[in-house]
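All chains are identified by letter, namely A, B and C, in their written order; residue positions are counted from 1 within each chain.
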Amino acid sequence: MQLPNPTTVATISTLINGKVEGDGHVVITGMNEVHRTNTGDITFVDHKKFHRICVASDCSAIITNEKITTEKPQIIVDNPFSAFCFLLEKFGQKTKPEVVAVNGSFIDKSAKVGESTIIHPGCYIGADVVIGEQCIIYPNVTIQCATIGDRVIIHSGTVVGGDAFYYKKWTQPIPKYEKFKSYGNVVIKEDVEIGSSCSIDRGVTASTIIGAGTKLDNQVMVGHGVHIGKNCLLAAQVGIAGKTTLEDDVILWGQVGVSKNLVLGRGCVVLAKSGVSKNLEPGKTYFGIPAEEARAKWKEMAMARRK
Amino acid sequence: MQLPNPTTVATISTLINGKVEGDGHVVITGMNEVHRTNTGDITFVDHKKFHRICVASDCSAIITNEKITTEKPQIIVDNPFSAFCFLLEKFGQKTKPEVVAVNGSFIDKSAKVGESTIIHPGCYIGADVVIGEQCIIYPNVTIQCATIGDRVIIHSGTVVGGDAFYYKKWTQPIPKYEKFKSYGNVVIKEDVEIGSSCSIDRGVTASTIIGAGTKLDNQVMVGHGVHIGKNCLLAAQVGIAGKTTLEDDVILWGQVGVSKNLVLGRGCVVLAKSGVSKNLEPGKTYFGIPAEEARAKWKEMAMARRK
Amino acid sequence: MQLPNPTTVATISTLINGKVEGDGHVVITGMNEVHRTNTGDITFVDHKKFHRICVASDCSAIITNEKITTEKPQIIVDNPFSAFCFLLEKFGQKTKPEVVAVNGSFIDKSAKVGESTIIHPGCYIGADVVIGEQCIIYPNVTIQCATIGDRVIIHSGTVVGGDAFYYKKWTQPIPKYEKFKSYGNVVIKEDVEIGSSCSIDRGVTASTIIGAGTKLDNQVMVGHGVHIGKNCLLAAQVGIAGKTTLEDDVILWGQVGVSKNLVLGRGCVVLAKSGVSKNLEPGKTYFGIPAEEARAKWKEMAMARRK
């Protein structure tokens, strides 16, 4: 998420009653969660498990509850999660929705729809959505917080731009899950086709991206902040958890599930019903729960049967 | 399902041309299927497999095709299933739907919507639905036969209160499935969040319940009469079959499936893609198809690979 | 797909600049893909893998890029896929959509809806759709290119008649997937019930068929050109890939996946979470990924655990 104006670590620290460790003059231009940072971003970390990845990331500053590095400026606060949420709420875009009825659909006044694009009845196109030219949006589609390229086809019942499934668990004073509100968006590139009743969540602070020419079958679930490359094929009922990256030309067959924060290498293929729990190498074929290289897996299965 | 007025076993027997075994004066206040009975309920049973659970349940009377106990009054009929369906049809609530268009949604005149609740366009809110305060109902949501607490969020495309998938197979005179019509409802407690394109079926005669603070990701399917406790997490594409109970703090990861009529103990965790076919103990972690304790399962898998 | 008028192999050849091999006088009345051909149909083949099945099929002529048989007339072209798509575009029905708002739904002027059928608000009923008598279509359902029998129930959020997930991969001049546009339809017979948020795709050139009395639970995905027999049961989150056939009385439990182009024999049962990758015999019970006969599979699993 970009900030409306560049600011400094010191200024942000004042807003959240923090203590600056390191150079408070560093300029901050955006906010992002640790797996999707760019230079200029401030991020947060509140668990030792992520200290290393956080310091190694492209971020320019860190909100944390203890000093974790001398390489980057940090703002120390008691509760980094809540401080980060407070800043998102403060800086996040809040176009007031103002939908109007058009041909049986509800389209926000701030949305932009390209030439020769057809929006069937029963759709909802939310604030600041941009849709390219020659697209077909079938009936009963919901699109929010999204930028969509030319010649994209979206089938009925699909939901683009829903919130991330992302909560922080508190045990005190009473046990509850606090929602990490979503401020990111969805970017769908040109020539993408998305089947019926798919769910494409928006990023928490960054973008969920579907690359040009990629095709999704029905009932596919794409989690928050996922990056899908060009010309990928995702068969029906595939699910991909948050912030995983699929490089170009990846093929996932029916009902495959992929865990969060992984990288699936270019052109790899995952056979139906597999569960991917670790990074996959480019060009190879995988199978099983957890997914292993298909040839090794088949050999193992044949041996199990022989005995 | 509550009856409109309390009645007696003898009176009900007259309605379905039955023969009373035991005390016909017992007062009946409700009807429920065998897995979800309370004191005062009449239930039915037509298969020996369920005799024991039926007699042991909290029900006050039983419609059956043979005498199965001396502990509770029974009404003997040829076809308990059809007799029960006849009574449901007779006593079931039938508010005549009368929807009006409000801000691009269709809301039944009998529905109640709390203060500061936002219902986006494209929704359908059916007869007798109650929605609490400060809720957000995203576009294209369908809600029927449901009572929803405060601060509940429901994302686009989700369907609350669909019919149970529940049929009786007849082989005579011609093979067919007869539908067990649904007369139950859905109860969603406060602070629940439900993702996009979820399906939450209503109970056949009882309630499907989602406990306070529980969060569902996208494309989750919750069967009829399921009880989910407080502060549970259900990741994307999870499916739970009818009348299963999840105690508090249960976590089901992506694409997990759970069979019907089970109990998953408090705080247990089921890893992604697992299939649960038996009760699970509290606090333990499970994995596999069928799901077993994760540590035992991993050991077994490692041994299979070693050979 | 039927042609508007019968024509000859020679006439079709002229349209696509082809060269006739064999008898150009053979009469052509329809077009279909190779797995769903009838007498009178012309089909296409562009991969050696399908030569045998193509020649053995009921088709009356073949568009191909080399002579493959002396038994049937062929039209030889450089690019059979593109030539076939060109003909589909030329001959395919194109009723111009003209929807009108009726009780909160959008119904095409060319659609026919039977007596005593209820269509709830928020639905879209497209061009040339036919719906029988005494049907219930719940809110927010989308139906296109479909013929639906009497007493059919379709729950909210379901999409009937979406496009096939069917692409041809080109590597030249730039890598891309070319869409095989859908010209087929969906046929749903009498007394079928379909749960919420299901996806029933239409055939590419033929029909997707759901037989009388069959019941689908929520979130079921039925691919293009699938044939489902009578009185089948498909539990929640089942997925069936294109052109597979289920004979009568087949039961698929929750989250089962079935590959394309298979035949599942009459009355066979597939247990929950299984993945079917080959034809199944009638009357047997299957389990596993890939699915095997359940008894053999359980034995194998028990042995693996013992060691």
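The rule we apply is simple: a contact is a pair of C-beta atoms (placed from the backbone, for glycine too) under 8 Å apart; a residue touches a chain by one contact, two chains touch by 3 or more.
This is a predicted model, so every value here is computed, not measured.
Taken as a graph of touching chains, this assembly is fully connected, with contact between every pair of chains. A rotation of 120° superposes the C-alpha trace of chain B on that of chain C, rounded to the nearest 5.
At the interface between chain A and chain B, under half of the residue numbers involved are used by both copies, so each side presents largely different positions. Rounded to whole angstrom, the centroid-to-centroid distance between chain A and chain B, based on C-alpha atoms, equals 33 Å. Contact of a single residue of chain C with at least two other chains is seen at positions 122, 140, 157, 197, 219, 237, 255, 289, 304, 307. Of all residues in chain C, those touching chain A in their complex are 99, 101, 106, 122-124, 140, 142, 157-159, 162-163, 165, 167, 175-177, 179, 197, 199, 201, 219, 221, 223, 237, 239, 241, 255, 257, 259, 275, 277, 289, 300, 303-304, 307.
Only residues 104, 120-122, 138-140, 153, 155-157, 191, 193, 195-197, 213, 215, 217-219, 231, 233, 235-237, 249, 254-255, 272-273, 289, 304-305, 307 of chain B touch chain A when the two sit together in their complex.
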